[in-house]
Structures are given as C-alpha cells and as structure tokens.
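So, here come the structures, one by one.
Each of the next two complexes has chain A plus one more chain, namely chain B in the first and chain C in the second.
What follows is the complex of A and B.
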C-alpha cells in the first residue's frame, strides 16, 4: 500500500501512555492536518514515523516498506520540527548544502529563491536567527527537499502574519506543481483550515477523528435559543458541549442537520474547524 | 473567501467565479484563472478549488480547452442570470416571507417596504 501506514503503534514514557495502539494511514499526495492539544501525542506520533524515537510496539510502513532501520524508506520522509537539529554555528547556505547530501533531490536554487522571498540572509548562522527566522529556514529546507512525505511540526511558530500568509501560498504553489504528502501539525487551526484536505485529531494518545475536512465540517453545527427549547432539541443528538448566557443557550452538536426538523426559536449556524476542535478535545 | 460562511468552500469558489463572469471580469470565450491560481489566491487546497470549478463545468458555464485551461462558455451570462433569478427567489423571497411572518408583517406592508427600498 502506498502512503504512510502507522500500525498499532504504542509508546509509553514511564507511566504516561503517549500513544495507545494508534493506527492511521496517510495517503499519497494529500495535505493532512494533524491536530491535538498540547501533550496529546502529535509530536510522539511524528517522531515514531520518522524513527526519531522507537515505539514500544507496532510498526510504520512507507509505501509498503517497514521503516525500522530502513534508510531507503526513511529517505522518502523529511520532518521539520520545532527543535533545531542543525549545528548552531552552521551557515544557512551550508545547511542547504548538507541537506542535499542526505536528500539528493534537494533543489538548491529553489531554496535560494524562497530565501529571497522570505528575505532570509543565507550567510547567517543558525544560532543568530530569531524564532521566526529559525522556523523559516527549516520550512525552506523542508519544502526544497522534494521528499515524497513532508512532515511539518508547528511550521508557523514565531512567524508574523505576512510570513504565515507567504508560507501558505508557497506551500500551495509547491503542492500544485509537484504533489506530495504534507502533514501539518499546528495550533493555529483556522489559518491552516483551508489548505487541509484531511483532518486527523489525536487526543490522549488516540486518534479520535480521521476524515476529510469537508465531511467533518459538514457535521458540526451550533444551535442557539432559549435553554428549555435547546435542551429538548439536543436530547436525541450528539451534544459536544454548551455555553449559557443567562437563559440563552448555545449547544455544539455533531451530526447531520435536518433543517426541516429545527423548531421555531432556534438559530442554527456552522461551526468552524477551530471551534469544532475545541469541542471535540475538551476534557 | 469567508470561512464563516454556511456553505462549503468549494461552493463559494464556484459562486465567486460566477460573480466574475456576471460582472464581465471573465468575458465569454476568455480564460478563467487556473485552479493553482485560485488555490494560492484564496489559500485553499487545490482539490477544493478543482471541486468548485467542476461545478461550473458540470453546469456548462465553463469548458476545458485541452492543454490551455478553462474558458467561459458562449451564452454563460444568460444561463447564469436565469439560474441566479431562481436562486434569488429561494435565498431572498422565501426567507423574507418567513421573517415577515415571524414579525407579523402583512403582505401590503412588505410591498410598501420593497417600494421604499427601490426609491432609496
């Protein structure tokens, strides 16, 4: 099977179950949003996929090949993480040069073009970069590798609004010209929402949602009205949560809405991805 | 693009392109923006943009010229006007009647309000 297959993967840190028998399939040429609260297990999952940590059980396959001690399979994946793994004293131009040693399809001229668009001076050393530019040089490196699977853990950390905008544009340009699988793990959900095709939500080390963004979004809605009317309306529905303002109640519901069955006095509106996420992952 | 909008993004894309055709920004027999241009511009997934364009293809508003891209069909403006008039009834008149009933407005009162609106 093509794509990245995570099979029954578990990882414990002492008494903490970071991943609990996770199985998930990241298909080829799709942009995924990997969403979860702090400590939900997102980074552990990404690290298990790339072999940066060893899972306690389970396996990861890339295009059908097990990744364990398999450079050929791992070479198809590039992961950008929050943590910096490059030598602090290395110049950015040398980061590009050395990345090409490990990823032969790395496109140096494309990387230099992106550096220009982000106004990143490639003569600078890794250590001298601000948080934002540290994310930028790692993003540029990731997008230039031409790896089949690009994993981006918090890609827009520290980026200002203009640079975040530029990043999403560049990502779409790149993806349109040369489709690949991109897994974006981010807390800035609304900004990434449009770009994401498929959503994987992880909570307490388990995958709780794995479906297309459109499908997921079509199921979430809010109903607002007098508390008594709302309570009656939600009695037979999958209620995620509710907010009250005096006698006015807003219910967050997951399910297919039958508009004809909505009684008078109830206002229905759509839930955006971020709101839906909050309701799904609240304790 | 309005992500708060009730409708899925691909439907909004289709409507934006229709608006462009109706306003003359994309005249008949000229090329509309590519799915890449649309997706980069609105920062949306190319698959979503393609789904939006396909609505226009299925309804014959645009057609594909092999190797060139998508073009606005001849007669698209007339087709769209007809379609939009029907939607106008659905989107505005039906809702207006419903809201009027809630507020206890009579038909006569509505008519005079419409007249007032036109004279503004």
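What follows is the complex of A and C.
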C-alpha cells in the first residue's frame, strides 16, 4: 500500500498515554492537517513515524515498507520539527549542502530562491537566527528536499503574518507543480484550513476524526438566534457546543441540515474548521 | 549509499578540530626547537620541554596528546551528530556504522601524521646534540626498542598507537552515549559517584580491608595486558586495546540502538 500507514501504534510516557492504538493512513499526494490540542499526541505521532522515538507497540509503513531502522523508507520522509536539530554553528548554506547529501533530490537553486523570497541570509549560522527565521530555514529545507512525504510540525512558529501568508502561497505553488504528501501539524487552524485537504484530529492520543475537509465541513453547521429559539431547535440534534452572548446564542450542530425545518429567527451558516475543532476537542 | 554520506558528514566535521590540534602541536614543536636553538641546547643548557627516564632534554611521547585529543573527540561524537543525522532520515545503524568507520579513518590518519612528526622530529633533534625526540611507543616499550630494528620499531609503534587511539576514542564515545541515555539524576550519580568510588573508595578498601591486594592485582593485570610480563611485548598491548575497542564499540551500539531524539 502506498502512503504512510500507522498501525495500532501506542506510546506511553510513564502513566501518560501519548498514543493509544493509533491507526491512520496518510495517502499519497494530499495535504493533511494533523490537528489536536497541546499534548494531544501530534508530535509523538510524527516522531514515531520518523523513528525518532520508539513506539511501545504497532508499526509504521511507508509505501509498504516498515520504517523501523530502514534508511530506504526513512529517506522518503522529511520532517521539519518545532525544535532545531541542526548543529548550532552550521551556516544555512551548509545545511542546504548537507541536506543535498542525504536527500539527493534536494533542489539547491530552489532553496536559494526561497531564501531570497523570505529574505533569509544563507551565510548566517543556525544559532544566530530568530525563532521566525529558524522556522523559515527549516521550512525552506523541507520544501526543497522533494521528499515524497513532508511532515511539518508547527511550521509557522514565530513567523509574522506576511511570512505565514508567503509560506502558504509557496506551499500551494510547490504542491501544484510537484505533488507530494504534506502533513501539517499546527495550532493555527484557521490559517492552514485553506490549504488542508484532509483532516486528522487527535485527542488524548486517539484519532477522533479522519476525513476530508469537505466531508467534515458538510457534516456540521452553525445556527444563530435567540437563546430560547436555539435551545428549542437544538433539543433533538447532535449539539457539539454553543456560545452565548447576551440573549443571542450560537449552536454548533453535527448533522445534515433540513432547511425546511429551520424556524424563523435562526440564521444558518457553515461551520469553520477551527470552530469545529474547538467543539470536537473541548468536550 | 547512506552509510557513505554518514561517513562523509562525520569525517568532515572532524577535519577542523584535527587541523586545530595539529596546528597547536606544530606551534609547540616550533617553539621548542626555537628554544633549543636560542639556548644552544646540546652544549650544556637545560631547557626541558618534556622529561622522562630517557636522559637529556627533548620531546617525549607527544602522541599522548593525540590519544587524549581523540578521547575528547569520542566524548563529543554523539548528541549533535545523532540529531543532525536522524533529522536527515538516517537509521541508528547507519549512524553507528558511519561513526565506527570514521573512528578507524581518523585514528589511522592521525597515526600517520604522528609518525611523520616523529620521524621529522628525530631528524631535527639529531642537529641538537644531547636532545631527543622519543615516541610514545618507545617510551612505553623501551626494552623492545633496544631489541628490535628501526623499521620493526616504526611498524610496531604505528600499530600500537593505532590500537591505543581506537580504544580511547571508543571509550569516549561510549561514555557520551551512556550519559545521553541517562536521566538527570543518573547523570549526576554516575558523573560524581564513579570517579569518587574509583579514586577514593577503591583505594580506601584496598588500604584498610584488602591490604594492597586490589592494587597489586590491578598492576599485574595491566602488566600482563600490555605485555610487560613477557619482556615488553607490544602485541599484548595491541590485542588489549583492540579488545577494549571491541567491547566499547559493542556497548556503544547496545546503548544507542534504543536512543531517542531528545529536545
């Protein structure tokens, strides 16, 4: 089977169950959003996929090959971590040089072009970079590897709004020209929602949603109106949650909307991904 | 393919410290020979760069510096490389294989350089009567030096130094991996506890409880292991160093095979 397949993977840290028998399949040439609250198990899952940590049970396959101590399988994946694992004294251009050594498809001229677009000085050493530029150099490296599977753990950490916007545009450009599987683990769901095709939501070490964004969004809607009207309307529905402001109430409902059954005084709108995520992970 | 890249990276990273080390060695040698010249050593002066049981003034066992340097290199050969190489999709097995091959290459390279320094040093000191330039091997196996010919001495010295360097760099490597795997409390306990036990605990027990038995056994073992019980036989020393290398290389693998990338 092609893609990344995580099978029944569990990981405990003492009494903390970071992953509980997680099974998920990341297909080829899709952009995934791996969403979850702090400590949900997102980074643990990504680290288990790349073999940086050992799962207590289960296995990870890349294009049908187990990744455990397998250079060939691991070579198809590039993971950009939140933390920096490059030597502090290494210059950015040397990072590019060495990445090319390990990922032969690394496109140095593309990396240099991206560095220009982000105004990153490649003569700088890793240790001298700000948090934002540290993310930028790792992003550029990740996007230039041309690896089949690119895992981005908090890719926009410390980036200003302009650079975040530039990153999303570059990601779309890159994906259009050279499709690959991208897994984005982020807290900035609203921003990333525009590029995510498939959503995997992880909560307390378990995958609670694994659906295409379209499918997921079509499963819910938002109803806004007077509190009493909303309460009556939602009484027999699968209510994810609600916000109240004064006498006005907004309810987040999971289910198919029957427009004919919507009473007057209720405004129906689509649920956005961030709102759905909050409601799904709050409970 | 990946092993080759792993070796290339790890070797490349060692070039700079090795170059700095030999630059310092070169400066020391130039300074020493300049002092010889200025003080007209060889006609009664007493400038001491290093002294030993070998009489006179000169340079003695400079390869000991290389051995210590390589031990320190071993101590600095894990964390940064492990992070960088796992970041680049290498398995632990490939990182480890690359590291051991790098050690073999670096030790061989440094033995060759040290041998060249020794030969050139001997040549230069021959211009300063009364001075000497004695290698570590000649110093340790002085008896052997008297029996074997010059060529045999160089071959034995080359092999012995290579084995010694390899043993020390691998001990350093194992120590650093072991510390990487330990938690904070274990690091402090082992970091303080082991030297304390070895320095004070053992000597205390040996003096008051075993009346010198531990010390004598240790000396006898070392004497046997390095071939002094057999008329200064360096091959015992070489085998011992290779065994140390094998044991610590094995322990290093057992320790790192389950290592995880830590923040």
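Here, the second predicted complex is superposed on the first by the 280 of 283 C-alpha atoms of A that agree within 3 Å, B and C clash if a C-alpha of one lies under 4 Å from a C-alpha of the other, contacts with A are read in each partner's own complex, and residues count from 1 in each chain.
The definition used in the following text is that a residue touches a chain if its C-beta (ideal position, glycine included) is under 8 Å from a C-beta of that chain, and two chains touch if they have at least 3 such contacts.
Keep in mind that what you see is a predicted model, and the values were worked out from it rather than measured.
S.K.: Quick one: is A:193 in contact with chain B, with chain C, with both, or with neither? Answer first, second, both or neither.
M.R.: The answer is first: A:193 touches chain B but not chain C.
S.K.: Classify the contacts of A:270 with the two partner chains as first (chain B alone), second (chain C alone), both, or neither.
M.R.: Touch status of A:270: first partner only.
S.K.: A:214 in the overlay: touching chain B, chain C, both, or neither? Say first, second, both or neither.
M.R.: Touch partner of A:214: chain B, not chain C.
S.K.: Output check: A:81 vs chain B and chain C. Expected answer is one of first, second, both, neither. What do you get?
M.R.: second
S.K.: Going by the contact rule set out at the top, does A:69 touch chain B (first), chain C (second), both, or neither?
M.R.: second
S.K.: Could you look at A:169 and tell me whether it touches chain B, chain C, both or neither (first, second, both, neither)?
M.R.: In the superposed model, A:169 contacts chain B only, not chain C.
S.K.: Which chain B residues qualify as touching chain A in the complex?
M.R.: 1, 3-6, 8-10, 35-36, 39-40, 42-48, 102
S.K.: Would you tell me which residues of chain A are touching chain B in their complex?
M.R.: 31, 165, 168-169, 172-173, 175-177, 190, 193-197, 214, 217-218, 264, 269-270, 272
S.K.: Which bits of chain C are touching chain A when the two form their complex?
M.R.: By the definition above, chain C touches chain A via 2, 5, 8-9, 13, 80, 83-94, 258, 260-261, 263.
S.K.: Quick check on the complex: what are the chain A residues that touch chain C?
M.R.: Where chain A meets chain C, its residues are 47, 50-54, 69-71, 74-75, 77-79, 81, 83, 85-87, 98-99, 101-103.
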